[in-house]
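Have a look at the structure below before the remarks.
Labels run A, B, C and D following the written order; every chain starts at residue 1.
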């Protein structure tokens, strides 16, 4: 009945790396939040404080910044693959490296209708996400890549119903044939290959998610999520799984009738808490094992 | 040497009102955060707890929601004027009403290239602001309206210098002829009249602020702010004052040279804190007195 | 190669339930943030929008509030067990119910040295956590309970070293024999039984975590975390696993020497980002399988 | 009708300075967030970008850190006075310097009942505040000091009524003789002198604010605030004005009666938004002019 060291990892979180491409007068910007996490043979550091196998988190930071130039950030997935591979390839004790990236998107400013060469406004629609996990060497090498997005706030003011649900003594909710449906979407998708046109795929997936949310006449947020995920898988063979998490941001019809003021789905209170939280996965039945692809660094190990 | 009741006000803050216009199949959305604050003859409530002159904050809330239908929200300034006037006109003890509004902007979704009738994605570029303060009745009636924005994150990767500054024994900063300049802009502008095409004016002012930031070759954030404010005043006669507050969001060139990796203004660390904070006002020399126009409800009274 | 519905769950997140015990003049307060998540046979809701098996998230909310009185909140773990069991027991389609609770702690106010009966100040040291997962019926019934805490900000200004680490070309960090070590601790512990004196155990575990952080002369945050977890397991047989996640909140010695001002570990800059992030698990080698105990609702399903 | 430069200031915001006193084995900690703002003859920087009169915000930062050793941080008010005076005294163009400080408080850890020499847990009850504004030289020198606190979350589960208020057609609120009253208090107090035992005064004022909130049987939050402020002024001659801002954090009685579950002020929903916001000032009728004492740097200039 011994007490043993279980799961563990360590790294440097939230390196705020901004990469400017300025080889021509028209600059490009990549604005990243990069976290690196290593797993491997680090038991001595935990058990006795012996650091001989520990690459300092500061060294990981230096590498992450330097690789923004050395490997470049043409795409965040490409950058993540280079950085994660470096850690696994160069250091004996490191068995697995995970790189998680948030990318903040920017809109190029126009001046008098002409796009400016080096000025942008931050586009706040959503944050783009990617994770790369690299494990093992040579024939044992395995790689998982996920893309994703968060904070995509989307709302439809019609085309959403909710009725026919299970009822119990605590059920006081009225069924409805017309309501606001709104969420702040979190989505993740797992690739079955690393041979992907990353930026083009991101744009395509976001487009499908948004268009499905808009187009599908919804009987429940559950149904909407499923179709969003399924439509992505139907469109892109290189994606094998889509996971969606969607708070149901309730917009309650405000009772102005008691003041003699009609309110035909026109005035709502956007409530903060509580909120419904609906989660769904669409996956190919022959998808390879997810392995550590979804082991987010922000959670407990 | 008595102790007396000084400045005071009370109201209901952060009513999250969403107004949908659905008179045609193509809906419109106005997504607001509305706060109301009243000043007047409320000493009894403070001194003895006697509420006879106090319109409950709950009643202010009900009115704010109901007015989203009764007065409508064609523009936030128009809605704010109606709501603030109501409070001053209807209740003897209320001498001044202030309505502060944040508006969250939405982009209409396109599906297959066609704009959708009732689905939007939240546009996160900036939050639009307005305040309306109404005071007194009849000939004593006075009204102040301000517009504004916040959270406009804007960055230029060139066209910014900083040198020639005062030096003291604590000055270790190196002068530079080329740096990143970035800020998360807060701007407020005061109108000299209420006869304004509100939405058109908002769009125009935002355009001028952004275009000036982009176009002006900057020797300091101070200089950039001044020209942003001045250009707004030069463009629009109905604006009498512009106030700007701009954190200098430092992007420090990362030292990758020590790893043999050149870095010609290409890789930066986007730092969180501390940050420079620069504030400026451009005002007409014949501007009427600001009165309570800038007494934000979020501060101490 | 069909596309199928994978992992899914749904529920109501962040019910802000405050329970006052007022059976005697001396009140007690329990201040909770409760989330409920259900798994089961809900495929129809996702695939076709048919809600016949779906207990609305609103009904879950009503039950959560009503159970604060019906079952009471003597302890959050006891309340969670009652609520989760209710969902699994009462509804055929529900196969698993998870209840996650944050508890905000309050200090009783003293007036003139005497404890007040019904006034408290929020104690901001940490947030207490619990999760209860209930699955199956009768002989198939399984239950997992975890406790935890977050936002415990703890700092030692000496007694911490870091040296002897792996070096590579990106390693510029200087070894140190005396540094500030600070973190904002997240901890979770899994119980092997439900026969636990919950509040007493919470207090004991927090005490061990804090005392170990203080007492252990640290060679690395890794070592400190391991000993914190191990000491909890050694003290309490009913705990089978401890998971710890600890940002290394860097305090960098400020270079005031260049101004002729000595700084012998006296003036530091508390940096925001990036930060080291160290995670560790201490577990009994005969611990039962964790099952869904750690499947936090906040992550992707 | 020229356009002119109006109010302006600039500085370095949110220097996160941690000062450890370690002259004896028993360390002490002062954990600060310091902002400096300068006013003066800086028109050239704004109008033409000429920086000859501008002390860089980076130099202000260096000074703020160095002064944590040079002047020390025995009290935050003392430190702020030294730092603000330095800026005004040393630089011709600087006419006014303002230093704003947030102090995060820490509780010393006990191990086995014995206080530890150098380990603390962050006390999250409230954040302590101070501002120092220094203007002019020699006989023209003027100084304003304010203290304060924020984020003090305080709740009473009885002893609070609200009735007898003004009614209009939008008034649907029910009067009550027993409700929860809770707020997250922001308080500021202005001193009439700089000869003050700063830490002792802070402790005393916080105690009075908390004890008054607890003890006063409340007919309205307005009344409670007034008495909190007045009681501070009655206790301390060196304080001339107290400003209070208090969100009324609504706790709504939850309707469990419809499920046959009685709820005698036992189960509440702690709502987020909207909230009442009540502000009051207690001031001596012979208080000197507040001047710039309340011109918070976070607002528009």
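As a convention for this text, contacts are C-beta pairs under 8 Å (C-beta built on N, C-alpha and C of every residue); 3 or more make two chains touch, one makes a residue touch a chain.
Source: prediction; values computed, not measured.
Engineer: In terms of CA centroid distance, which chain is the most far removed from subunit C?
Structural biologist: B
Engineer: Between A-D and A-C, name the chain pair that shares the greater number of C-beta pairs in contact.
Structural biologist: A-C
Engineer: With residue numbering as the guide, point to the option in B-C, A-B or B-D that repeats C-D in over half of the contact pairs.
Structural biologist: A-B
Engineer: Go ahead and note the Å separation of the Cα centroids belonging to subunit A and subunit C.
Structural biologist: Those two chain centres are 23 Å apart.
Engineer: In angstrom, rounded to a whole number, how far apart do the mean CA points of subunit A and subunit B lie?
Structural biologist: 31
Engineer: Centroid of subunit A to centroid of subunit D, CA atoms only: how many Å?
Structural biologist: Chain centroid spacing, subunit A to subunit D, equals 38 Å.
Engineer: Note the residues in subunit B that touch 2 or more other chains, in rising order.
Structural biologist: As it turns out, subunit B has residues touching two or more other chains at 15-16, 62, 66, 170, 172, 259, 272-273.
Engineer: So in the complex, the part of subunit C that touches subunit A is made up of which residues?
Structural biologist: Residues in contact with subunit A: 1-16, 35, 37, 42, 45-59, 61-63, 66, 90-91, 93, 162-168, 170-173, 186, 188, 218-220, 222-223, 225-226, 230, 233-234, 241, 243-245, 247-248, 273-286, 294, 296-301.
Engineer: Applying the document's contact rule, which stretches of subunit D touch subunit A when the two form their complex?
Structural biologist: Its residues touching subunit A are 169-170, 172, 258-259, 272-273.
Engineer: Considering only the defined contacts, which subunit D positions touch subunit C in the complex?
Structural biologist: Its residues touching subunit C are 15-22, 27, 29, 31, 62, 65-66, 68-70, 106-107, 109, 111-112, 116-126, 151-159, 180, 210-211, 213-215, 251, 254, 256, 259, 261-272.
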